[in-house]
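Both of the next two complexes hold chain A, though its partner changes from chain B to chain C.
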Partner chain A sequence: MSVETIVTDKAGLQKFYEAIIAKNETYAPVEKFGKYDFKLVKNLSECDPESPIAKTMSAKPLFFPRSAKIMKYVATSAGTDVSETDEDPLAGKRVIVGMKHCDARALQVLDKVYNWDFIDTDYQKRRLNTVVISTRCDKAETHCFCTSLDYDVENLDAMDVLIVNGNDGKVYIKSKSEKGIEFLNSGVTSHTSRVTEEAAGEELKKQYTAFSASFRLKMDYKSINEKLSKIFDTPEFENVSSNCVSCNTCAFVCPTCHCFKISDEKVKDTGVRYKSYDSCNNGYFTLMAGGHNPRPAKYRRWRQRAMHKFVYYKERFGENLCVGCGKCTTSCPVNISIFEVINQVSK
Partner chain B sequence: MEQLLVPMICKIDKVIQETPDVRTYRLKFKEEGLMEKFNWMPGQFVEFSLLGSGECTFCIASSVTRKGYFDCSIKRAGVVTADIHTLLDEGDEVGIRGPYGNWFPLDDIKGKNLLFVGGGIGLAPLRSLIQYCIDNRNDYKDFTILYGARTSADMCYKEEIKEWQENKSLKVILTIDRPEESWTSNVGVVPKILEEVVKPEIANTKVITCGPPIMIKYTIQSLLKLGFADKDIITTLEMKMQCGLGKCGRCNIGSTYVCKDGPVFTNEQLKKLPDEF
Partner chain C sequence: MDYTKQIQEIATRLFAEDKIDVFVGYRLTGFDDNQVPALIRESKDVPLLVFNQKSVFNLSNYLKNDHTRNKRVGLVVKGCDSRSLNLLLTESQVKREKLYVVGIACEGVVDDAGQKMQNCLECMVPAAVVYDELLGEANMERRFIINADIQDMAAKELVQRREYFEEVFENCIRCNACRHSCPLCYCAKCCIDQETATLYNGANTTSSAFHALMTWSLHLAGRCVDCRNCEKACPSHLPLHLFHKWNERVIYENFQEHLAGVHEGDRGAFYKYSMQDPDDFIM
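Our next item is the complex of A and B:
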């Protein structure tokens, strides 16, 4: 099967979404109190696949839940019985619509840590069984800088189907992977207007040029990465982190942050063990029994955050651990911008 | 469900009160046949859970050459370890995940003189290797163990140390920080005894050391002063851990996962890490 592109219009796109939702377990951005979160939807009217990045939680929790049960157990003097928890609600075949490229890219980045050495089979199953449909943004939002990073926004392995709203008023639906091709042929679209890569190429390129010209934030990734790797001791980290209240919000909304903690909750004989989000901005993150803490000061924790994102993960897994979505900046209660942090410390 | 993090159940076979705040738990897997399949290398660790209280990282303190069980020696240090000491006794059940982490470089130390330098509970990871090397004694040349504790009561493995002392092929040197009545061995901190009493041969010797951070720091300084090369000094690093298997990010120093690339490092490797600990 060849890569193909369907050309349609806005109404056709709505039909496409409707067909997807009717035929598949579909997750899409659902609004609540002015913010969007990816939820299981039954009707297109419940969701908005074109929700803005800044107001939308990343799709990460569909692969790495905010708090997941590891197991249930009964521990009494008679012995211990560990039972596996209920079926994984995220493991089935499903489709996500309304993702943006930064979110899709984040999955690729997360794959690296989940698939090295000990393979996280639960994560892997969720990934394999998901069709990722990603919409290319029309223009950058205030804190976006995805085009300034180490990746080609256009070519993402994690993206199965790409949707582009052309400047010509047409909508282009393009398969980007084997899974995507199979999906587009699964009866979710009745459109016969399928054009070749080349025919659609011109308009897609035009849209991309306009999109990439709309960025307020730009930087030279290579030089930032090189500089950061040499300035571990710069006092500038103290300045940029001085307002941080260590609330961890930045990590919780980030599509690539993956640190977690393990905790037990037990009532009488029955307990549950959870795996929940945690963050290196936490004062207790590296606090050891006896009181020793390698990162007792805020600036050391922010340094870890910046370095892990822009140096260490790249060193280890070949990918930058920040995808430039700006979600952390939008959500930070004290307006710390990761873009400004890395630019300022590496000045 | 998060299968990677689900522990296997072990039964506590025996508890040994080593010191006022250290207990050794001898463990066996509950499921038939699992113990035989559980293989580990000296230096590796497990995630030990007291269900309902939490999970902690402990090295395996015994050698795989001693079949049918494994030991964890646990110092009361915080919330979970206090619960372990209070609640867990013979016959009780605990959760175990592992073995995790790297191990002592067995190939590199083969055919060498071995010098073990331990302090307090830091003898636990060394004991796994000491037992392993005793059980393969012919593979090594001189075999010296220097062990220090704050007081004589704080020495772990007292019975086993007696066996080591009786073993003519081992040299055992003990020290405590301050003089005590009826203590006939050395008095003084480990680095001092190392320099003044042990006076180790440098050529062809590998040093394996573990103890409280402050002891390791000064021991390494002494070793370097004595003329040891960074690559011949081997230690195990303690960083806060949670998953133990390279996912949770807790143990990271730079791009190193202490739980996967470590906990065993040579001083040469440690020097290359960002100065964070």
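Our next item is the complex of A and C:
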């Protein structure tokens, strides 16, 4: 695969974004009540592709919506008629700008489960029709630990276009996929100049070195995987989870969590069936119809969260179900840090 | 306002005299100068306890916790926290004899930016109203102020209010952190928990958020003590106090200056139905 590398400056980057928004159905971080969520935008002024890490929601809902209609039904005297829902608003050709690297890599992790025993065609279609443009961060936030996980800066294959703010004041825009090359040649970069990969390579490396030196949190995930897999019964889970309030927040804001529940909205004889987020940390997650709950205690639910992220998913799919984005910690009502939890229990 | 030393001494004493099984206080997060609730079960962990203007969370929320249920609990409460504790006592959720309450005559807590929180600036009852031991001087006279944001909201046209709240409901992700962080939301089967919801579907739609938040705020009308646990917990940073402060004002003005949980044994405004109650504020 050939690579397109473009070099420009800050003003050129703004023009690039403007051209994208003018020509495409574009989603970008939009601020409301001090928090940024990905929304459809018509102008660059409505959004901020460089929104602050800790205040930005994941773009996961654009692929796996917080709630999606999955079918409609009408109950008649002869039985129930089931029909497809209206057109999926997320299935068209579109572009996402302003996704952080961790968030983009989460798609790479999610692709595996959605291509597994059941192929989620809605998810696939949304993925296929989306161009993901992601900016590499300049500096880590308090709860970031993405570089400690399977993060491979050269092989983030869930994104199509990479943007790097070089330490030399220039902006590098690089294709990461065939889709990315095609996109960069769709008239959105006519104001910029092409450079060879070698010419940009040195600066990209320098930026990465400075970026990876900015992390407060560092760990060796392989030893965590190893230790966690052996300590299912450690009483430490009780300590680390004692102040958890069992809400759904950590899972709902997490870019890799993919649990869902099914519910109906019914008015008289017609209804819509929804698929919406669920979380293993709430007390109902494993509640069975007969009333039995295999995970009634909080520590068991937190254990499930830690184990699914760093043991079970890894065993099945070869990757951690965590990209180290820190969103769960930032959003948790009592600031429970998954980084601390896994490090403390496997001490 | 720093009672770290006193609280550590009290907790040490309570463990030594075998008066408690768990002490609920605050500890540092370990990564910044913010604090998180700490459930201390052994005296060796007492040195973790701290208390100062960063001790924000209302700890009475932990009285519905696995670790405290049917246990003897030591608990730190500020003014607002003690009011919710009072309501929990009145509503038979906890037994007073199971608790050792360390009350604080609170001087206000601060947000992440170090600014005194709005509820603290407007607080009517800063000193704990229920305690076994009080730290600080309870001599602060306050008067009821209509919350500044509520005044702004009241000045708006109905359509503008509607537009504003539509955005609130649109940005709610239905995570229920608000309900789980509220000390007065203790129902084992909550009507807004999506899994048990029978009033509306459990989906994350604007209409489900509308129903959930409206139901939730009405269940707290006349009970909410303005501790803002819910608002601090919200990952979407939604201005949840607007619901509660609106209700608080209406109730204060219409029901004999009722303020939730201030007096022992006083029940929520909505428990005290009387034929003479005014109803002209409804819609």
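The working rule: the second predicted complex is superposed on the first by the 341 of 347 C-alpha atoms of A that agree within 3 Å, B and C clash if a C-alpha of one lies under 4 Å from a C-alpha of the other, contacts with A are read in each partner's own complex, and residues count from 1 in each chain.
Everything that follows uses one rule, which is that a residue touches a chain if its C-beta (ideal position, glycine included) is under 8 Å from a C-beta of that chain, and two chains touch if they have at least 3 such contacts.
Keep in mind that this is a model prediction, so the values were computed, not measured.
After superposition on chain A, the partners chain B and chain C are seen to fit next to each other with no clash. Judged by the touch definition given at the top, the superposed model places A:Asp37 against chain C, while chain B stays out of reach. Legend: residue contacts after superposition of the two complexes on their common chain; A:Leu287 is shown touching both chain B and chain C.
For chain A, the partner that touches more of its residues is B, with chain B and chain C as the two candidates.
In the superposition on chain A, contact of A:Gly187 is made with neither chain B nor chain C.
Touch criterion not met for A:Gly318: it reaches neither chain B nor chain C.
By the touch criterion defined above, A:Trp116 lies against chain B but remains apart from chain C after alignment on the C-alpha atoms of chain A.
Within the superposed three-chain model, A:Lys261 lies in touch with chain B and with chain C [touch as defined at top].
Contacts of A:Pro52 after superposition on the shared chain: neither chain B nor chain C is touched.
Within the superposed three-chain model, A:Gly92 lies out of touch with both chain B and chain C [touch as defined at top].
With chain A used as the common frame, the shortest Cα distance separating chain B from chain C works out to 10 Å.
In the superposition on the C-alpha atoms of chain A, the part of chain A touched by chain B in one complex and by chain C in the other spans residues 261, 263-264, 266, 278, 285, 287. On chain A, the positions that touch chain B within their shared complex are 68-71, 73, 75, 79-80, 82, 84-88, 113-114, 116-118, 120-122, 232, 258-264, 266, 271, 273, 275, 278, 280, 285-290, 292, 294-295, 300, 304, 307-308, 311-313, 315-316.
Those residues of chain B whose C-beta lies close enough to touch chain A in the complex are 1-7, 9, 49, 51-55, 77-78, 81, 93-95, 213, 238-240, 242-243, 245-250, 252-255, 260, 274-277.
Taken in their complex, chain A has these residues touching chain C: 32-35, 37, 57, 66-67, 142-143, 216, 242-243, 245-249, 252-253, 261, 263-266, 274, 276-279, 282, 284-285, 287, 297-298, 331, 333-337, 340. Within the complex, the chain C residues that touch chain A are 29-32, 34, 36-39, 57, 61-62, 65-67, 167-168, 171, 173-177, 179-181, 193-197, 200-205, 208, 229, 232-233, 235-239.
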